[in-house]
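Both complexes shown next keep chain A, but they swap its partner, so chain B is in the first and chain C is in the second.
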Partner chain A sequence: MIGLHIPDSFIPLLQAAVYWVIALVFIALSLRWARAEMREEKVPLVAVLAAGIFAIQAVNVPIPWGTSGHMVGAALAAIVLGSPFAAVFVLTLVLIVQGVLFGDGGITVMGANIINMGVIGGFVGFYSYKGLNRAIRNPYPAAFVAAWLSLFVSALACAVEMAIAGTFPLGLGLFSMGLYHAVIGVIEGAITTVALYLIVTARPDILPKESGVTA
Partner chain B sequence: MKKDNILIFGIIIALVIAVAAPFIASSNPDGLESAFFGIFGAKEIHGSELNEDAAVAAEEQVQEITGNTFSYAAPFPDYSIEGLAKMGEALAIVAGTILVLLVAFGLGKAFSRPG
Partner chain C sequence: MIEELFFIEKQAYRKSPVHDIDARAKIILCFAAIVAMVAVPYSPVVFPVGLVFFLLFAILWALSRLSPLVYGKRVLMVVPFGFFLILVQIFVQNPYYTVYTSIADLPFGIHVYRESVEFASILFVKFLVSISFIILLSSTTRVQDLLEGAGRLGLPAEFSLVLGMMVRYIFVFGYITRKVGESLAARCFSPFDRNLPYRYRLRVLAYTIGTLFIRSYEQGERTYMAMLCRGYGRESHLYIRKKPLARRDLFFLLACMPVVVCTPVIAWLSSQGLL
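Presenting the complex of A and B:
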């Protein structure tokens, strides 16, 4: 079911260790963000989002070319919680449970998976959402495009890591990962937009002002 | 909607997705696997036929390339519980969802800014 989840054999150990070090820096920054910005009353929302993201990641949707893909959820977490570090916090937790209990994504390469899905997914999703929402003043198309972009860029980053690892040739890796995830990104965009709409409709005040949504 | 209600609604949605997942999810290789099989000649990039033997060979070949032979035996590999087929998968994903909920809540409480 792995989606973008890299298995252990795809990256040499030394490179995997470098990705772990980078991931740990971002995990530390996300914990610092939580201490400074994540108010205690937000914790139940963080927990429900993490649980929902874990569950939806188990749903692989068929796409053309005998392939499937599932939502990652980094853009949604970042937009709803108002920070890319929220996505790092949530996705790290989801990836640890997936890897340790279910063998979904490797252990030595978990740092790379945290970078791709949590860090890159969260930062691309959050800042492209912010920029687009400011430009077009409509959170829903902004969320759709931002979520699509967050998944697409995560997939390209994964292809670059595969090229550095010697696993994929760069051009063919970028092409095939880009092709499949351009389609999977539509699923990411659609679910992110629907989830954001449902949350805003039910509780407009639950979103932070960083999310730029006014009901 | 009251704050507690939206949270309960969210948990219910997550659990419904978790139960349904093994029954509705596609078993096609996902994006990264499909790219991998395409590049290693077990399937066409634009094709849908997977050559199972070539897929097994590809997995051995990539270990030789990277030298990463680390293997970890997860207790519930691929969300399966031994002997329980699809119901076991549903159970595994539900248990995982509840675990993520509890751990996120606990860690969130530990690291959040006190109100």
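Presenting the complex of A and C:
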């Protein structure tokens, strides 16, 4: 949804470099995951899927109070591909294209954006889904909560990073971004759940064992 | 965003002296300008630096023969979140100032501070210059050229292959998304039609998104199989022909880079009273 792509100049260069280093570690780990789990030859499949996620993010979703937003899709990618590293891999590609082509999210702060949406979104989405699905044995409410949580925690991380940068007060950032994304996260959760249901119904074979879903 | 993607690529296919410059030279200049602008401390030094950088951008934009309306349209596309963050600044204090002077007192104990307005202006200048150079880069360079340029500049082969494939299929999915949108419109469905129940609109959009996911996965499978048939394997990589920079590209860099490098240094030294 809108409001997670930190633009250039909102994080000082040195801090942005630290986020880049952390992001690069996760990008390297996601490449290793792609080689090990999907086998290196299957990497093109994920690349094409990343283009699909880009298109999904481009679909305008109405928000009840009159504006529009779009999905992030980190939880969906992680759940369907069965690994949080899938979300890191896919979201990194999407964020590079969005940053360089559209200016949607900055260049120097791309590391921070990858951490927020790819790493935090993917890991929170995947592990909260896994834990909840194991507990309640129903993938759909689990996917809903996981997608909501992934967006909410990403938004809080974004607020904390800008507070550390001194470009947005912590309290106001946590309140405004947290509240906005807590509401918007319901839509992300609903869409993730229905999309997962559709994938389970139409192509259950593409879901790995880790997703814990059966048709 | 899909329509904007086609719009951006359409601008990149035009002809002009700036369009003709090698992608590497433009990538180096634009990234250097952004890094230099971000590196300038949050202080009034930003204003003269921003002005010089914006003049450089304006000259290059004029040379690219693209309309100012194109620039305006593209700025509007990326502004909302950044603008919100900048606007809020004028009502809050930040760690970059120690003393705050209220210039307007609003209800509910909200104040507008002179220092906060200055800080918001600093952020605005930095933000505007940064996105202006990104807009210049993507409006005057085709996506494929950007990729090849990045590859020639040392982007790891693994990444150029994956990004190259992604970029190619973005346009395929762009067309698919457009067709899906037209199909929904032909059935009189609009996600923003308030006469339809919100849950119904959301469900239709969720199915659309799920369908897009499945279609992209299936396209990925087909592409992967087709690549295997053509001998794709572990050692495959995107072939990028070696190409030295032309004299024109070197001249472009020699003319622009000193401005990008020297302006912040001179402005900072002046502000410190060292010049």
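The rule is short, and it goes like this: the second predicted complex is superposed on the first by the 191 of 215 C-alpha atoms of A that agree within 3 Å, B and C clash if a C-alpha of one lies under 4 Å from a C-alpha of the other, contacts with A are read in each partner's own complex, and residues count from 1 in each chain.
Following the convention adopted for this analysis, contacts are C-beta pairs under 8 Å (C-beta built on N, C-alpha and C of every residue); 3 or more make two chains touch, one makes a residue touch a chain.
Bear in mind the structure is a predicted one, so any value in this text is a computation, not a measurement.
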Exercise. For A:52, is the partner it touches chain B (first), chain C (second), both, or none of the two (neither)?
Worked result: both
Exercise. Looking at the overlay, what does A:84 touch: chain B (first), chain C (second), both, or neither?
Worked result: neither
Exercise. After superposition on the shared chain, which partner residues are touched by A:44: those of chain B (first), chain C (second), both, or neither?
Worked result: both
For this session: Check whether A:125 is in contact with chain B, with chain C, with both or with neither, and answer first, second, both or neither.
Result: neither
Exercise. So, A:139: does it touch chain B (first), chain C (second), both, or neither?
Worked result: neither
For this session: Quick one: classify A:76 as touching chain B (first), chain C (second), both or neither.
Result: second
Exercise. Which partner does A:194 reach: the first (chain B), the second (chain C), both, or neither?
Worked result: second
For this session: Tell me which partner A:16 touches in the superposition: chain B (first), chain C (second), both or neither.
Result: both
Problem set entry | Touching partner for A:111 - first (chain B), second (chain C), both, neither | neither
Exercise. What residues on chain A does chain C touch that chain B touches too?
Worked result: 2-5, 8-10, 12-13, 16, 31, 40-56, 58-62, 64, 68, 70, 93, 97, 99-104, 106-108, 166-169, 172, 176, 199, 202-203, 206
Exercise. In the complex of these two chains, what residues of chain A are touching chain B?
Worked result: 1-6, 8-13, 16, 31, 34-56, 58-70, 90, 93-94, 97-104, 106-109, 155, 158-159, 165-169, 172-173, 175-177, 179-181, 184, 199, 202-203, 206
For this session: Would you pull the chain C residues touching chain A in the complex into a rising list?
Result: 1-2, 4-5, 8, 31, 34-35, 37-39, 42, 74, 77-78, 80-82, 84-85, 88-89, 92-96, 123, 126-127, 130-131, 134-135, 137-138, 143, 146, 158, 161-163, 165-170, 172-174, 176-177, 191-192, 198, 201-203, 205-221, 223-224, 227-228, 232-234
Exercise. In their shared complex, at which residues does chain B touch chain A?
Worked result: 1, 3, 5-7, 9-11, 13-15, 17-18, 20-22, 24-36, 38-39, 43-50, 59, 62-63, 65-79, 92-93, 96-105, 107-109, 111-115
For this session: Within their complex, state which residues of chain A touch chain C.
Result: 2-5, 7-10, 12-13, 16, 31, 40-62, 64, 68, 70-71, 76, 80, 93, 96-97, 99-104, 106-108, 162, 166-169, 172, 176, 187, 190-191, 193-199, 202-203, 206
